[in-house]
Amino acid sequence: MTTTHQTGPILSVRDLTVSFGRGAGRNIAVQDLSYDLLPGETLAIVGESGSGKSVSSMALLGLLPPRSANVESGTAMFQDKDLLSLPDAQLRGLRGDRITMIFQEPMTSLTPVLRIGRQLTEALIEHKGMGQADANARAREMLALVGLDEVDRRMRQFPHELSGGMRQRVMIAMAMAADPAILIADEPTTALDVTVQAQILDLMRDLQSRFGTSIILITHDMGVVAEMADRVVVMNRGRKVEEGPVADIFSNPQDHYTRKLLDAVPRLGAYATAAAPRSVVDKPTPVGKSLVHTEGMNKTFHEGGWFWKKGGGTAAMQDVGFDLNAAETLAIVGESGSGKSTTGRAVLRLLELDSGTVIVDGMDVRGYGKAGLRQARRQMQMIFQDPFASLNPRISAGRLVAEPMVIHGLASGGELQDRVEELFRRVGLEADHIRRFPHEFSGGQRQRLSIARALSVNPKLIVADEPTSALDVSVQAQVLELMLELQQSLGLAYLFISHDMAVVEEMAHRVAVMRRGRIVEIGPRKAVLNDPQHAYTRALLAAVPVPDPDRTRGTLPVIDAGTLPMGALAEVAPDHLVAQ
Amino acid sequence: MVHGTTAELADDLATNGSARSRGFWRALLASPSGMIGLAIVGLLVFSALAAPLLAPFDPLRMAAGPRLDPPSAAHWMGTDDFGRDVLSRIIYGARLTLQIGVIAVGISLTCGLLLGLVAGYSSGWTERILMRLVDVLFSFTEIVIALACLAIFGVGLTNAMIAIGIASIPFYARVTHSVVLVEKGKPYFEAAIAAGAGHGRLIFLHLLPNVIPTLIVIGTLGVSTAVLAAAGLSFLGLGAQPPQPEWGFMLSSSRDLISRAPWMMIFPGLAIAITVLGFNLLGDGVREALDPRQRQR
Amino acid sequence: MARFILQRLMAALVTIWIATIAVTILIHLVPGDPVRIMYGSFQTTPEELEAIRVRLGLDQPIWRQYLMYLGRLLHGDFGNSIVGDQPVIDILMTRFPSTLALTLSSLFIAVVVGMSLGFLAAYKRGTWVDVSAMVLAIVGVSMPHFWLGLLLLFLFALQLQWLPVAGGDWRSLILPALTLGLANAAVLARLTRSAMIDIFDQDFVRTAHAKGLPKSIVLYRHALRSGLVPVVSMLGLQFAYLMGGAIVVENVFAWNGVGRLAIEAVFARDYPLIQGFILFFAIIVALASVVIDVAYAFLDPRIRYS
Amino acid sequence: MEIRLLRDVWRPPVLGAALAGTMALGGACATAQELVWARYGDIDSLDPHRATSTLSMQVWDQIYDTLLAFDMDGNPQPNLASGNEASEDGLVYTFTLNEGIMCHDGTPFDANDVKFTIDRAFGDTPSLTKTSWGPISDVTVVDDLTVQVTLESKFGAFLPFLADSFSSMVCDTNTADTFGSSTAIGSGPFKLVEWVKGDEIVLDANPDFKNFGKPVENAGPPMFDRLIVRTVPEPQTRLAALRTGEVQIAEPPFDDIEAIKSEGELDIVVADNTGQNVFWEFTISRPPFDDIRARQAVAYATDAQMAIDIIYGGLSQREWCPIARGVFGNDQEFCKQFGYEYNPEKAMELLAEMGFGPDNPLETTMFVWTGGNRHKLAEIFQAQLAQVGIKAAIEIMDIGTMNARVKEQNESPDDPSPGTFDMMTWSWYDPDILYQLWHSPGAYSGFQTPELDAMLEETRTTIEPEARLEKVQAVIQYLMENAAHVGLYTPGWEWVFAVRPEVEGFKIGPFLHPIFLDVTLEEG
C-alpha cells in the first residue's frame, strides 16, 4: 500500500543516541539512529534481541525508565515539534492521541482491575475532551471495528475475561480510537499463535488503510516484515545497518548482517520439493525400523482445588497415537494449548497418562517400575524450550553434561572427563568452557549444552520441545544445523515439537498436526505441508507469514471452530491420515 | 519482621538462581545495609566472645556500685537497683542473645526445611495435609504458639528458646515449600528427571542448593525475629529468670523504676533494637547480594 | 465469588477445627497428670481430684474427651477458669472489647502510616525519600514493641505529661495503639513498597503512560488499585500479628484486654483459660482473615468474577 | 485449705499512668459520698467458698458478716452471734444470733442462713477452705435465732475461724447460679451493685446494717453512700489517681512511700498484725535437703534483714517465728533462740561437712511466687547463697502453681534432679496453720514426723490458752530446730494504704480486714 510519498516525512528521527546506566556501567543501546516516517506508510524496524529496536521508539514517547535510561542526543521532529526536547506535559498531550502504541504482551498490557470500557475511554476523555457518553460510543464503534462481538458486554468486562487475541484487538482499538497520526507497534503479534497473528496483521493493515495512519512496526520476524512493511530499517547492536524499500531489502540486501539475517530465516516452502531433510553429512544414517509406537494416549489435567482436586478439568490429549522410526524426525505442530508438549512428555513418561500405550524400543514405557524407568531414560532424552531455565544454575556446565552419565554409571573419573570434553567439542563448544556456569553462556551455547547433555548417554530418541523458539533466527539456524548433523551421523530419532511451520519443514520427515489435544492430520512432510487435507492444517499453513514481499499471502480461509472434523483418523493416502 | 512476605521472599530469591559464592561477599559488602548489618552482628559476636575482657564488672555482682546510680565514668550505663553494673550486664547479655538466636533459628530452620522439602517434593495428599496444617499454625502467630509451648513446659529462658524455635517452624516450612514449588516448576528439574535422576539426586543436588540461599536469608532475618520474641517473653516474665542478664528481662525489671532510673530502661532496649536491626540489615544485605534484581529496588 | 467466600469460610472452619484439636492435646502434653496440674492445688484431696477427673471426662480416652469438648464448645461452653471458677467465655468476652479497640485502632494507624509510606517510597524509588522511608521502616521493624511502648510512656506520659495511660477512656488508648500501630506500620510499609514496585514495572502501567494519561491518574487509577490487591491480601496476617502484638503491648500499658488475660493465665497455669484463649484467638483471626479475603476479592476482579 | 494466699497476678507497672491523674483533673474526687478504693488486682469470686485470695476476702468483708469478729488484738468477739457456749467435751457449740439482722434482699438473717452456709461449705462442691472449718459433723437449727454446731473432735481454732472472712455468712437466698459471679446476698455493711470483672466492684451502703462486733465506734450503717473497689494494677497509676483525687484509698508504690510521707499530703496507714509470714521450706524427701545440714546452711546463709532493708526499706519486719506477729503463740524472743542468725562461715562449714565446696557448689532451685517484689528479694537471697557456695536457680511462678509444684516436689522422692526449696507465704489468724501445714499428710506432704503429728494434735485439742501456748511453742521449737520452717519476714508494705485527707476514720482490723464503718468523707 504505497501511498502519498510526495509529502514530507511526518516524523523524522536524526542521530538518536540512547544509553543505559552511567559512568563505567554505561552502555549504548541506540547509536546515531536516523530515519524518516512518511505519511500512511509502514516502516518496519527489524533486528534481533538487543538490537535497540524497541528502545529507540520508546525513547520517542519518553517511555523509557527515567532514572536508568538517558537520551544523549538526537532530534525527532513531529509536526515541527522535537519530541525529544518537548516538555513532559506537551509530550503527554501527543502520547495516546497523535502517537499511540501497542505492545507485545497483550496478556499483561491491560490493567487487570479496570473494565475494558474504562480503559478504552479514558484516553479519549483526557485528550479529546469527550464526555463519557461520547467516549463510550466511540469505544463501542472501535471494538466493533476491531472485530469483537457483543460490544456492550465487552465494555463491561475485565481483561482476564478475554483471550490473548481479543486483548490485542482491544489494545489496537485503544490505540486507533484517537485516530492517531502514528501508531508504534512493538512486536504486536510475537506472543500470539500464528493464526491469530495473521488475523491481527490483517486487522492492522485494514485499519491503516481506513485511517491512513503511519505505522512503525518493530519486529524480529522477517515474515511479518515482508507482509506489512513499505520500508525497512535493519538494526544491529544499536546501529542502523541498512534502510530501504522492503522489496530491495529482500531482493538484494547490501549489508552482510542483513544478508545473514535473511539467509537464517527459515522459509516455508524452501524445501517443499525435497522428500527428506537435506543431508549435512556424507553418509546420513538411513531411517530405520520403528522405534516409538504410541496409541490411544489420553490425559486430562485437573485444577487443584483448595483442598481436594476440583472435578472436570481440561483434556490435554485425546486418543493420540503415532509411530516414529529410528533416525527419523516426527514433527508435532500446533498452536498453544494443542497438547503437543504434553504428548512429548507423555512419551518420556514425565507425566502419567490416564490411558494409552507407549512403546519405545520394544519396551512398554508405562510398564516400567521406578528403577526400570530410570534405566529406560538412557534411551530417550529431552531438549527443552528455554535453554537457560532448563540448566540448573548452580551446577557447572561440565557437571551438567556429565550428570546423565553419572546417573547411569556410564563413566567416571578421567574417562568421564574425556567424554565430557569430547561432547563439548561435538556440539561446538570449547572444552575449556567446562568449568563455567550456565549463566556465563549465550542462549545458543546454552542450547548446545542441553544437547550435549542429552547426547551424553547416546540415546536413541530425543524429544525436542520447541528447541529454538527462544533463540534469535541466526542462532536458531545454527542449532537446527547441529541437530540435523547429529541425527544423520548418530541415527537419532527426533520427536520435534514446534509451532513454526518453516522450521518443521526444514527438520521433519513426517508431520503431525495437533489441535485441542487431538491429532487432526499426520503423514509424510511433503504430503501434509504441500497437500494438506484438514481444514485446520490449511488455515495454519495459510497463516504463516512468508518472508517474501512479492508473494503476498491470500486472504485467510475462515475456519469455523465448531464444524472442524475432530474425529478418528482415516487414511487418505499411503500413511497420510486425516481426522474425519 | 519477615512475616507475611513468604511468597514475596520465595520468588524474589528462587527466581534468581544465579547466586554464586564468588562475588557474593563483594556484593554483600557493596550494599550499605549488608555492611552495617555485618558490622553490628560482628560487634555482637565479639562482645559475646570477649565479654570477660570487655565487661568492667561481674554482671552478677551486687553493690558493684551504689544502687540506681546514674551513668558515670565508673558505670557508663549506670547501675540497677541491686547496684549491678548495667554495661557489664548488657555485654554478658550478648551471649544469651546470640544463644537464643542460634538455638531458636536452628530448631525452626531444620524442622521447617524438612517439612517444606517433604511437602514440596512429595506433592499430593502428604503435601496438602502438611501445608494445610502449617498454614493454620502459621495463622496462630508465633507468640501464641510460643505461649502454648511455655504453658506446656513451663517458663524459663531455655524453654523460651525452644518455644520460639517451634513457634516459627511453620514460617520456615512455608518459605521452603514455596521455594521448592518454584524450583520444581522450573524446566531444569524436569530435565533432571528426564535425565533419570533419582529422589536423592533430585532433592539434594537439584532442589536443596536452590533452596539454601532463601533459607540463609530468612534464617538471618529469623534471628532478629527470634531475639525480639525471646526478649518479649523475658519481658513478660516468661523467659529469662534472675539473675540472668537477659536484655528483655532487664527491661522488665526496669519498669518500676523508669522515672527514677531511666537508664535501666534505655540501654537494654537499645541493645535489643540495635541487635535486631543488625540482623535485619544483614538479612536484607544477603538478600540483595543473592538476588541482583533486588539491588535496583 | 460466592464459591470463593464459601472456600474462605471453609478454610476458617478448618483452622478453628484444628485449633480445637490443638488445645485438647495441649493439656495432655503438659508433663504429669492434667487434673493434678490444674486442680492439684493442695487443698484438693485425691477423691476430689477423681471427682473432677470424672466431671471433666479426663478419665475418658482422648478421642472421647475431644468429642465431649467439641460438644461443650458447640453450646458455647469453653469450660470454667480455675481461678475463681467462672465461665471462660464470660471472662474472654468481658475483656475482648478492649483488645478489639486496641487492635483496630492500631490496624488503622498501621494501614494509614505504613501504606502511604510504602507507596511514597516505591513512587520516589531510588531517591532520598525512598531511602529515608525505608531506613525508618527497618528501624521500626527492629524496634521491640515493649521498648517503644516504654519510651513513649517515658516521653509523653512522664516527661511531657501529655497523654494518660490508665483510666479506660479513649485518651488512654492513644499510646498503646500508637505503639502497636507504628511497629506494624513499618512492616506494612516494606510490603507495600515492594508490591508497588512490582506494579510500577508492569506492562499495563507503561500502557497507561503511553496513553498520555496524567501521572496522577496512572498512579491512582491504574497502579495503586492493582497494587492494593497484594497488600490487602497481607492484611489478614497483619491483623493476626496485631492480635499477637497486643499480648505484649497490653501488658506494657496494663490494657485490660485478653492479651493480659493470657499472660495472667499462663502464670496461674489456668489451663482452661489458656485453652479458651488460644481457641478464641484462632476464631478471631480466622474470621478476620475471611473478612479481609472478601475485601480483597472485591478489589480483584479476577476473583470477583469467577 | 490454701488460706488467703496473696493471689496477686503478675503485673507490669506503668508509670506513664502517672499522668492519667495529672491530666484527668475533671475526674477529681467525684461525688463526695463516693469512696473509690484502688487495688492492684481483682477478686477471684464473690463466693466465699470459691476463692482464697486476700483481695477477694477483703471484699467479702464488706458484703458479708461473720458470726464472730476479731477485736484489734485479734481475739474473736461476738458479732452476728450475740453469744456462744461450748459443751464440756468441747464438741457442741451453740450460737445465739442477734435480732433484726437483715439480708440485703430484705429477708431476715436467721439460723437457717447459718446452716445454709455451713452445709454449703461441706456440700458437693465444698468450700476451698473446707478443712479449716474444722471437723464439723452436724448443724442443727434449734430456733430462728439459735443454731447448734457439732464437732467430731475438739478444735481449738474453731472460734477464731468463725471470726474470719472465710466463714462469711451467706444468706440462704443465694440460690441463683449467678451467685459468686454477678450476684451475692449477704448481711454485711455494703450491698453488691455490680462487678465488672477486671475493672471494678460497685457496692452501696446497706442502710439496715447493724454492727455488733467489729472493732469500730459506728454501730450503724456506713456513713457514705457508695464504695467502689477498682482494679488499678500499676502502682504509679494508683498514686497518680490518688493525687488527683480520682481515688481515695490505694496502696502506693513502695519506692515512693518515703516521698509521700515527707510530702504529708496523703496519710499512710500501715496494716500491722497482718498475720502474714514469709518463710523458707524445703523438699526434704530427697537430697540435698533431706540432710538437715543443707537446710541449716541455707538458713545461715540468708541475711533476711539486709535483704528486706534493700527491697522494702524498713516496711517489712524480720520475722523469727513460723507464725506471724499478732498470732497467738508468736514470740520473737522465744523463736530467736532457735533461729538462724546470718552466719556465712557456719553455712560453709556445714556445706563442707556435706562435701560441697567452691569447686562443687550445692545446686538447687528456689521457687518464688510472683508479685510483691519477691523476685527481687529472691535475687538478693540468690546472691547471698552464691557467696557460701549454694547455686540456686530462681523459678518465678504464680502462687497457685507454686503450691502445686511444692507438693509435687515433696511427693517425688525419686526425682533425679536436686530437691528444691521455696519462699512460701502464709496468712492466718491462729497457730492452727502449723497443724494444717505440717500434720501428716500435710498441706504439701512436706516435713512430717510421728512426734510432730502428736504435738500438733495437742495444739488443736488443748483449748485453755496457757496450756495451748506451751503446746504451740513446742511445735515452733521443733520445726525450727529441724530447720523445716524458717521464718524470714512479715510483709507490711503490701498492706500499706495511702489515704486522701478528706477520708476520716479508715481502719484496718487485724489480719488485713479493712473496715469502712467509721469512714466519713468531708466535702472536698
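In this document, chain identifiers A, B, C and D correspond to the written order of the chains, with residue numbering beginning at 1 in each.
The rule we apply is simple: a residue touches a chain if its C-beta (ideal position, glycine included) is under 8 Å from a C-beta of that chain, and two chains touch if they have at least 3 such contacts.
Keep in mind the model is a prediction, meaning the values are calculated, not measured.
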Of A-B and B-C, pair with higher C-beta contact tally: B-C
Centre-most chain, if every chain is reduced to its averaged C-alpha atoms: C
Centre distance in Å when chain B and chain C are each reduced to the mean of their C-alpha atoms: 21
Intercentroid distance (Cα basis), chain C paired with chain A, Å: 49
Centroid distance [mean C-alpha coordinates] between chain D and chain A, Å: 86
Multi-chain contact residues (two or more partners), chain D: 10, 12, 14-15, 18, 370, 397
Touching two or more other chains - residues of chain A: 307
Residue list for chain B, restricted to those that touch at least two other chains: 132, 155, 237, 252, 255, 258-259, 296
Chain A residues touching chain C - in the complex, by the definition given at the top: 61, 63, 67, 92-97, 100-101, 103, 105, 108-114, 122-123, 126-127, 158, 160-161, 171, 174, 306-307
List of chain D residues in touch with chain C within their complex: 1-2, 7, 9-12, 14-20, 22-24, 27, 43-45, 50-51, 56, 126, 128-131, 180-181, 196-199, 231-234, 237, 240-241, 246, 370, 397-398, 400-401, 403-404, 406-408, 443-444
Chain A-touching residues of chain B, taken from the complex the two chains share: 17-18, 20, 128, 132, 186-188, 190-198, 201, 205-206, 209-210, 296
Residues of chain D that touch chain B when the two form their complex: 10, 12-15, 18, 235-236, 253, 255, 310, 370, 373, 375-376, 378-380, 382-383, 386, 393-397
Residues of chain B that touch chain C when the two form their complex: 1, 3-5, 8, 33, 132-133, 136, 139-144, 147-148, 150-153, 155, 224, 228, 231-232, 235-238, 248, 251-252, 254-255, 258-259, 262, 265-266, 269, 272-274, 276-277, 280-281, 284, 296-297
